[in-house]
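The following blocks contain the structures, represented as structure tokens.
Shared between the two complexes below is subunit A, which pairs with subunit B and subunit C, respectively.
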Partner chain A sequence: MPMSYTLQFINLLAALLLLIVFAMLSQRRILSLINLFAWQGFVLALSTFVVAYTTAQHHLYYSAALTLLLKVLVLPWLLHRLIRKLNVKWDVETLINIPTTMLVGIALVIFAFNLADPITQLAQGITRGLIGIALASVLLSLLMMLTRRKAISQVVAFLSLENGLFFAATSATQGMPLVVELGIALDVLVATFIFGIFFFQIRETFDSLDLTHMEKLKDD
Partner chain B sequence: MDNPEQILAILFQLTQLMLVVLLAPLLTGWVNQCQAWLQNRSGAGILQPYRVLHKLFLKDAVMAYNASWLFNVTPYIVFGCMWLAAAIIPIIAVDLPFSQAADVIALVGVFALARVFIALAAMDIGTSFGTMGARREMLVSFLAEPALLMVLFTSSMISHSTQLPRIVEALAHHEFVLYPSLAFAALAFLIVLLAENARIPVDNPGTHLELTMIHEAMILEYSARHLALIEWASSLKLFAYISIGIALFFPHGIVEVGNWAGLPLAIFLLLLKLLTAGAGLAVLESLMAKMRIFRAPEFLGTAFLLAVLGLLIHFLLGA
Partner chain C sequence: MIDLQLLALLLTPLFGGGLLAVFGSRRWAAELNSLMSGFTFLASVLLTMRVIDSGPQVAFSEQFFIDQFNVFLVALTAFVAFTTSLFSRPYMRIEQHHGKLSTPMLHLYYSMYQLFTFTMLVALTTNNMGIIWVAMEAATLTTVLLVSLYRTPASLEAAWKYFILCGVGIALALFGTILLYFAAERVLGEGGNALLWTHLNQVKADLEPTVLKLAFVFLLVGYGTKIGLVPLHSWLPDAHAEGPTPVSAVLSGLLLNVALCAVMRSKVLVDGSLGTHFAGNLMMGFGLLSVVVAALFLSRQKDIKRMFAYSSIEHMGLITFAFGMGGPVATFAGMLHMTMHSLTKSAIFFAVGHAVQKTGTQQMEHIRGLLQVSPTVGWGLILSTFAILGMPPFGVFASEFLIITTAMHEYPWSTPILLTALGIAFAAIFGKIQPIVFGETTAKPLPHPPALIPVFVHLLLVLILGLYMPPYLANWYRQAAALLG
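Let's look at the complex of A and B:
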């Protein structure tokens, strides 16, 4: 079954995206987590660019450029600055140990691939096999949000979830209208700023970024 | 036997056998030399493994007092297994007579046979080091083997055959296709290669520190020609693993049997790939730190996971 090289290339990038999410899932250090997030953004921008080139949709070029600017440069820089200010370079503690998390991750990938199968039949785009991968990376990011204790790694997981959704949008529906994309990009940027302020507030109140301390807030 | 094609095939097989057994120490020497350069040492030269082998073959063998016949025959079995493995893998040409004897699963079995014997021999002496090394080796290999099998299955799914020559043909002699699943498999294979050949993140071939050694602990009691055979077998194993990697992921340039004209180019490309792989291995080892033995399951679990992911991606994308 001969496929065009661009399609093969997009498939490869999709596989890389999944690989990066798994790497993030297994990563113990916050610093490497942020670097991996930047790489994820880079792969995303590249795949958006390739989809834009193959389908000749010019607005996708803008969204690729926006992804590159925001998710590879600005957000990682913001996060780096945050962890420098908060002085949290220590290893991430996970709620479930890492090998178990990876096994759960594999189960999630199988689940996502099966779930995406009927949707794939409906999709019209050139890159329909990729919905499964996008869904898997969304679910894996969700898993990461659940298993991490530290607020920063949860935020990175949230941003990676957004990356997965973005990938689903470009690969399945060949991009949303530019206005929507600009709105989402702005939302993510603002969310990161607000999270940053939250981090400081959490640390002021609890002397730690460990969110388990928040459980003390409830009435008994 | 009078069929000229068969004679030609056997000639190719013999060429490969001799080439592999003579080149294997050179590869080890090259990796060590690259590491020496990276660590700002001048190094012993790439011919050093030959000198070591020569020295060891000239010495008188010393046997432990309570060693059984098992201890005595193990070096020959291990060396034989590794040489056989190197004969099965299409290194310079596909469709060699030996390659019909075993597919990839049997190949993994050949490696396992050698491992079982070396572990038994290590326990045979009854020293605490030997037993400890054998147990650790079994721990590492029982985690590495399923990952290796999954990697091989991914390649087999693509080429619809578990025969290595078919896999090479499907990848090298057809139109170039990008396989995302193979990217995962390659990464998993790299981890397995490091673990199975006692390289740095899992084991350190250069150390005799009691707390960290795995492979070296098993062969502590061997001396002279036995040690030489085991060292040579280790070089052959590294060569065989790198050759499997080349056959699975970079098979371009491996010729068909009977193609004498293509042979010089095939050998040249092989040498080039081996040089690159050896240098890459040295860089990788210099960059990484030896991990605690209890981290090894996680490391190898990652390999298994990557291989399974490769398989899943193959099912999803059909590539």
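Let's look at the complex of A and C:
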């Protein structure tokens, strides 16, 4: 494959990633949100694989495989299982003001590109243009965490935030050292398990997974 | 070589966690927990002696790095973890008798307590900036289920907040770490070595300043969430107030220090790269803001554990401010204050834990006349309150005095702000604790005396260090301060 095609393909994947984050930001059904998260992981794994192929970085193959295993198969499967067990599969979240959220999201993307500019100037290699997109997906996931009221959507937003960071690592530095990546993957997996335990505890105590019940602790 | 001591230090709590995961429901689980923490403390003493004798060194193909600075935190962490395990033995039993905790909950608690110690020790001793991140996140994961141990609505809310906010914070720290690696890769080449702190420290002058600047902002905000710096602190009072008291003691006395250690490691690199006081200024700003805001919030608290959580924010702000000023004296004072705060604050939480257990409420207006109910708890609480408020002759006075005189010398404008905030904090805390201890009560004295040896051991140490600092200890701290610059 000639270089320019690869570059275009990677850019296409990055654009897709940004699109998926925006789709997640406006998605109201929890089931679709989880599916979008799986797609995000898939695009991430694919782009890591392409970067690994073109730069001949062998450890990136491992990261791509790890992403595929963890973020496309294991985590979505766990989340699907959870929503089935918790019987919230068809839950719809009432998101107020999707257009405003989208506008804030666009502003965040512009901000991310500006913030990433000095790093992009310094970066070498084919992935330099992607740092801005990576930072944008991190910020958009943060926004998603702020706007969500259901525990599961907040967790999906958290995982999508982690995906954005992973994308930043592959695009800015061709991946972190393998030990660190394995450690991060382990943390994410354990975190998802603990989130799962939490869902049951929260539901048992509040009879709902709506976080609006959990705004009692305040300084007054 | 320090391989053996380090191995003992790290494997003891890991093994203990595994052991208690199996035997955590047995009657002797509490004793086993204390025993493992005791061994960990012993290993930390051996390690400290070696490092003080022979200086900074790396171990296990440079994956771990011990110098005077982190070994001081290792010793402190292992010591407070040990005394807290001693305190938690009778405390958690009484909680179980009161029906607040079941055996499976205690099982979880003991196992996680050891694993939490393990993650903190890894975060302190690792040489890899990426592994610091992994260990800090793991420390959150091990404690989050402990915060919600009582399964009350409030504790679940606190744990969820802790999980989400620290998760987001630590994610930002990961972005900072990625940027650091990005800058390092250009100098050190790809591969695992580019995140090793010792390697980075050697080439810090060549690291790209613009990238490091951005990286430090992310690292400070990320780990700062964990330190509890204002405005990233909102998880801290909830987690401290709703979790079991031994967990509050280790969160407040230890975890905050470990996060600050990670920030200090980054600061050394950023200072070397920029050659300006950028990192220091940022830390001073966050530190000062935390001191002021926490002092203002103190007087509004009704819950006793929540109030002392705000006091932790205040003191961590003060330490961050001292480290931000930099220079040998301020850094020395910051480390001294770290020690004093850890010892005193955990002592306070021990005393508060017993007081709350006796009266059955955390609301300060309902706790009265502790001296009549139980003189040991009453004196323990009032003395440790005096200590944390910086009254002479306790050690907190010495460290606060050093910080403020340095501030007067270097940044005179900050002194009135600091002094006012400390004054407000004094009035708020003393005004609330005084009636709790000396007030009139109708409650009957307790039949059996509480076991509060850890409180008085900590207070004695704080008192001794306030009156007399042994030369070798002062020398050790001075060496560590020199390493941080």
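Rule of thumb we're sticking to: the second predicted complex is superposed on the first by the 206 of 220 C-alpha atoms of A that agree within 3 Å, B and C clash if a C-alpha of one lies under 4 Å from a C-alpha of the other, contacts with A are read in each partner's own complex, and residues count from 1 in each chain.
Everything below uses one rule, namely that a contact is a pair of C-beta atoms (placed from the backbone, for glycine too) under 8 Å apart; a residue touches a chain by one contact, two chains touch by 3 or more.
As the structure is a computational prediction, the values presented were derived from the model and not from experiment.
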Room on subunit A for both subunit B and subunit C (clash or fit): fit
Partner chain in contact with A:Ala56 - subunit B first, subunit C second, else both or neither: neither
Partner touching more residues of subunit A, whether subunit B or subunit C: C
Which of subunit B and subunit C A:Leu142 touches, first, second, both or neither: second
Subunit B versus subunit C as contact partner of A:Phe22, first or second or both or neither: first
First (subunit B), second (subunit C), both or neither touched by A:Phe113: first
Contacts of A:Ala168 with subunit B and subunit C, given as first, second, both or neither: second
First, second, both or neither for A:Met102, with subunit B first and subunit C second: first
First (subunit B), second (subunit C), both or neither touched by A:Ala14: first
For subunit A as apex, the angle formed with subunit B and subunit C - C-alpha centres, to the nearest 10 degrees: 150
Superposition-derived minimum Cα distance between subunit C and subunit B (Å): 19
Residue numbers on subunit A that touch subunit C, as the complex places them: 115, 118-119, 122-123, 135, 138, 142, 145, 151, 154, 158, 161-162, 165, 168-169, 172-174, 176-180, 183-184, 186-187, 190-191, 194-195, 197-198, 201-202, 204-206, 211, 213-217, 219-220
Complex contacts: residues of subunit C adjacent to subunit A: 128, 130-131, 133-134, 137-138, 141, 144-145, 148, 151-154, 156-161, 163-164, 167-168, 171, 174-175, 177-179, 181-182, 185-186, 190-192, 194-195, 208, 210-211, 214, 237-238, 241-242, 297, 300-301
Contact footprint of subunit A on subunit B as seen in their complex: 175, 177-178, 180-181, 183-184, 187, 297-298, 301-302, 305-306, 308-309, 312-313, 315-319
Subunit B-touching residues of subunit A, taken from the complex the two chains share: 1-3, 5, 8-9, 11-12, 14-16, 18-19, 22, 26, 98-99, 102-103, 105-106, 109-110, 113, 129-130, 132-133
